[in-house]
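Here come two complexes built around subunit A, the first alongside subunit B, the second alongside subunit C.
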Partner chain A sequence: MPANITRINELNSSFFKDFIEIGKKIFSEDMLHSVESCVQCGCCTGSCPSSRRTAFRTRKLFREMLLGFRDSVLEGDDLWLCTTCYTCYERCPRGVKTTDIIRVLRNMAVSQGHMAEAHRMTASYVLRTGHGVPVSEEVQKLREELGLSSLPPTTHSYPEALRAVQEILKLTGFDRIVGFDWKTMELRGRK
Partner chain B sequence: MKEYASFLGCIIPNRYPGIEASSTRILGHFDVELVQINGASCCPAPGVFSSFHLDSWLAIAARNIALGEMTGKDIITMCNGCYGSLTEASFLLKGNKELKEKINGILSKVGCEFKGTSKIKHVIEVFSEDIGVKKIQEAMNTSLEGVRACTHYGCHFLKPAEMKKHGSSERPRLLDEIVEASGARSVDYKDKTMCCGFGGGVRARNLDVTLDFTREKLNNIISARGDCIVDQCASCHLEFDRGQVEIKKIFGQEFRVPVLYFTQLIGMGLGMGQHELGLDFHSIPAKPLLDKLNGGRR
Partner chain C sequence: MTNIGIYICHCGTNIAGMIDVEELARKAAKLKDVSVVKDYRYLCSDPGQDLIKEDIRSMDLDRVVVAACSPRMHESTYRKVLSEAGINPFLLEIANIREQASWVHSEKEKTTEKAFDLVRIAVAKVKKDESLESLPADVIQRVLVIGAGIAGIQTSLDIANIGYEVVLVEKEQSIGGRMSQLGKTFPTLDCSACILTPRMVEVSTNPKIRLHTYSEVEEISGFIGNFHAKIRKKSRGLNPDLCTGCGECTARCPTKVPGEYDEGMGKRKAIYTLFPQAVPNVPVIDRANCVYITKGKCGICKKVCPAGAIDYELGDEIVEEEVGAVVVASGFDPFDPTSKEELGYGRYKNVITGLQLERLLHTAGPTKGEVIRPSDGAVPKRIAFVQCVGSRDEHANKYCSRVCCMHAIKNALLIKEHHPDAEIFIYYIDIRAFGKGYEEFYKRTQEHGIKFMRGRVAEIFEENNGNVVVRADDTLLGMVMENEVDMAVLSVGMVPRSDSAKIQKLLGIATGSDGFFMEAHAKLRPVETLVDGVFLAGTAQGPKDIPDTVAQAKGAASSALGVISHKVLELSPLISEVDERLCRGCGDCKDICEYGAIELITLDSRNAARINPALCKGCGACTVACCNGSIKLRNFTDTATFAMLEAVLGGEA
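Right after this comes the complex of A and B.
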């Protein structure tokens, strides 16, 4: 949270430019620039089910972003309290593509090393098994009881398909971002 | 006979296989056949993996669509997360030639190509469009009269509405119509379209926040005297079912609200048993609901 007095030199003028550069790899520039239309009306925060129970304020996040509070936006926990429910996205009277903007900001945070251990774990399941929620022995038994194959016909049943998923994630650099060690098939430096 | 390629995702096959088994059987009852997509992976979860790395999320989603396209059929999903990821990936790739070329460059290394030839549908669209409310109504042979069902649509099926195109995201009707076709009564409750709390990586990072969403919804459902939740998303389903166990542990509040995937409700109307429907594998027993039905059966 920025202090009441902020010196201009604490603001990061390249923050927004970087945001556009990273976001435009996937999204249109119009969509990314939509955040500049924000008039701080607070419809997003008023609609947000997360803000009912947490300190997360979408309106504040966008204000800080536009002013260039890079560290406060990217290093804080608030950025990660959005469940991507898109309620604010639907209701924003200025057409700000809120949820997409939050996802780009999260990508920026992750690329700077701000990734929660719990999220690294989730990511490691996909790198290891192809599934974010892999099968368990208990569920395998259940599947058989229901007349289904013990393993679903997914990467769980096809090692070559799992290798394809892993190959893609190496090509996109996901393994490096998450800090996944292919030798041990575990996360590096688990705390 | 209509055929679809079935994209399973993670939670359906790996946590709630009863939904997979019963939905396949119920669709068969209505002359809809499912073809397997072999070797698919996590969709990957839209709010979670795209938050980490959009490029990786898009490439994996594109591979999953490409595998579905190889079957020559349109693709259906039973989870809003899968539906959200595949729909958005397809939307982005179709709208941006450069992006499509870049992603296909990656996919070519593993022998795949995204073409954009298969439609992505949620299984509820198959029930509402291909089968239709009237046919569902006619097929019901077991009365569900008196069941007060609270519907939960889930976010990524409806929103963004400009992309998903299922009408109003504030006052949706689709699931309520299916529920009413089954013979149960759809009961309104406060903040009906509110998120279950599962998404965006919040569940993994801040479980207490996620469960507080779920608890709020459950309290509202109890206030409306709902007998059960009827959902259409594997993630929401897990959130409501397992979430009740976790809420008891973390907040000390005990709920016993049965959670049904909408095909399980239709299955009940078709006279299928709770084992066959996979209901007895849920964390929260469906017994109160079944007792109410058995007591009131004419």
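Right after this comes the complex of A and C.
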């Protein structure tokens, strides 16, 4: 068979089953199965803020997923280009729970060791500070001008709360998944 | 002394926007013999009509010219106005100043001039018009229905239940048609037999329906209200009156041949019924395959028949029926996909048609509802449906067959419900789920995990294990993909029946470029044909699903009743007339007449033409063909034509 023809039989037929098994720990099965109703109309892609700046095509991601293109879906960059804004989720005429489905796919990708670098960076902030977006010096200044305390009453102000968050992240294995080194407080093997 | 009234319609701004109606009225008033000219905003409205009526009565008008829209729109309206006001309705002329003037020109002054020309032509003609009376014709208050599928059944029941007699002719040995071949029906999944057989029984027990099965209409003559049909009742090789339908003959018959009713998926005997609920439940001997008839041996069925009904020598019978209207409900054939060589039908055993799958899925079918593949009898677990086979295709049929999407979706769902682990793919160009509840049904199928593949299947080839590989471009991903499946099902569309040309000739009805019988108007006259008194129902007119077929069948019943519920029909007197004293009997008029309205009669030992007023459409072709002017078209005489020419070429109107 020429290399540029895909044999559907050789695609990963258990991909969708695995997706349901993993996804149902978080969402209802009905929500997960909703993707089977996709008619490929492209309303998701048309609504997507990311699609206006990147090559990300939500429609295509779902098509590949349903046909069993496991590797390209889980190992590719597209999965991480969704901003999780939920616009497509709101607009899908077929009621596909788009963004939640993407989140399950991301979980599957991460458990196989695939995670976008930017997302690892964000995760490292959580591990380090308890915030995905830590309060910067500029924000601190702004808060003072507004008559607020320079730091909010969160892990930034309560070191014992930060330790509790970090404990949870260790117990859930989040640190391992992300590849966080507690000695250097940095990500391991940054690309 | 004529006394003409002219009425000019503004038609809102449709006419008055491009024609100076006041100027037109001023000019028209000066025409000879015109007593009154009036213009009005909407002449077809009630007050507009009253205006004309009042003038006719108070001013003693004897002829009327209406300058308005096309006579196709309102000629009958104004004829009625004249009648109601007490003058002959044929002393009316319409000057079409809308379609032939205001709508098609852009200079007001010139358009007004042209409108005046049209008005004075009409005035010239109306002066030559003669009073005519409609011709009464007796109506035979019965209907002939050709074809007893669901369309013919529904039409017959509707007419019979109103109280009129129906002659229902079915070519096959049982009524029921294509619908009886189906297992479950979309989108409700109710079983076809469960909803069809009660109607079949109703047909057989209704005293108003005279049923001729295993019969064909061979000849139809006559015209609206008076058709005469010759029907051949083919010999079943047995006496149906004696047969009790016990089935002993079929059970003992030693001959087995592929069954047409099962689309070749199963075998039948040489004496057989189509299906258990057949109406009538009387078998037929297949003369081509019966060993007794072909070789003179066997004769088992005759020996075992407890009723002594078998009679190998029984011949056909000709029955004649008189009816007032005809409904054609002759159905369709499935497209034969053999010609689409790239799909391998006929070459690869595991490529079958949708109707063949339907027979496999039918609980009374050859496999009792179990889907197995032809090559080895294995249960296919991976199936591809191939949509639009022979449809939407310049090389086969240009049209969409409308039912194949839902048919494939329905059968995919049924298989998936039987075998949840089956993998089913539906290759499509567009999914057309247009009917009530269809889109919802489509979504339900998707939820069962059936995969919809957007891309027309380009090619199918066979593997050594009997599996077939379906190749198509997945146009959603832009990737050419191959799919090895256990079986491929070709969703073939509907085509006109192979014998439809025969029916077309029989009745003189038209077919469209797709070969289906053509309705008189695509939107407003969907069940009428251009032949008066002949109506269409169901897939004979074009591809349809069951709901649409039933709806049209009910429409055809209503239209046929519109004809035969009258004892007498009023025929238009605007027809040709032969002056038999002048006619030489050459027959040129008979040859040119499209409607078969002219026959040659013997008159004082010479030939002369005679017009059948019920068949004549008043086209005038015969008047032109006539070599010595002995045929006249009423109110369209040469005298009138010359008067009109004179009027417009500047002579006195």
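Heads up, the rule we're going with is that the second predicted complex is superposed on the first by the 168 of 191 C-alpha atoms of A that agree within 3 Å, B and C clash if a C-alpha of one lies under 4 Å from a C-alpha of the other, contacts with A are read in each partner's own complex, and residues count from 1 in each chain.
Keep this in mind: contacts are C-beta pairs under 8 Å (C-beta built on N, C-alpha and C of every residue); 3 or more make two chains touch, one makes a residue touch a chain.
Not measured: the values here are computed from a predicted model.
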{"item": "Joint occupancy of subunit A by subunit B and subunit C, clash or fit", "value": "fit"}
{"item": "Touching partner for A:25 - first (subunit B), second (subunit C), both, neither", "value": "first"}
{"item": "Touched partner set for A:33, first subunit B, second subunit C, both or neither", "value": "second"}
{"item": "First (subunit B), second (subunit C), both or neither touched by A:158", "value": "first"}
{"item": "First (subunit B), second (subunit C), both or neither touched by A:167", "value": "first"}
{"item": "Which of subunit B and subunit C A:139 touches, first, second, both or neither", "value": "first"}
{"item": "Touched partner set for A:54, first subunit B, second subunit C, both or neither", "value": "first"}
{"item": "First, second, both or neither for A:84, with subunit B first and subunit C second", "value": "first"}
{"item": "First, second, both or neither for A:5, with subunit B first and subunit C second", "value": "second"}
{"item": "Dominant toucher of subunit A (residue count), subunit B or subunit C", "value": "B"}
{"item": "Minimal inter-chain CA distance - subunit C and subunit B, angstrom", "value": "21"}
{"item": "Where subunit A meets both subunit C and subunit B, residue numbers", "value": "none"}
{"item": "Of all residues in subunit A, those that touch subunit C in their complex", "value": "1, 4-9, 13, 16, 33, 36-40, 59-60, 63-64, 66-67, 94"}
{"item": "Complex contact set, residues of subunit B against subunit A", "value": "8, 10-11, 13-15, 17-18, 20-21, 36-42, 44-56, 58-60, 63, 92, 95-96, 99, 106-107, 109-112, 155-156, 159-161, 169-170, 191, 193-195, 197-202, 204-206, 209-210, 212-213, 216, 278, 281"}
{"item": "Interface residues, subunit A side, partner subunit B - complex", "value": "25-28, 49-50, 52-54, 80-87, 89-90, 99, 102-104, 106-107, 110, 115-116, 118-119, 121-123, 126, 130-136, 139, 142-143, 146-148, 152-158, 160-162, 164-165, 167-169, 171-174, 177-178"}
{"item": "Residues on subunit C engaged by subunit A in the complex (per definition of touch)", "value": "423, 425, 431, 443, 446-447, 449, 451-452, 454, 471, 474, 476-477, 479-484"}
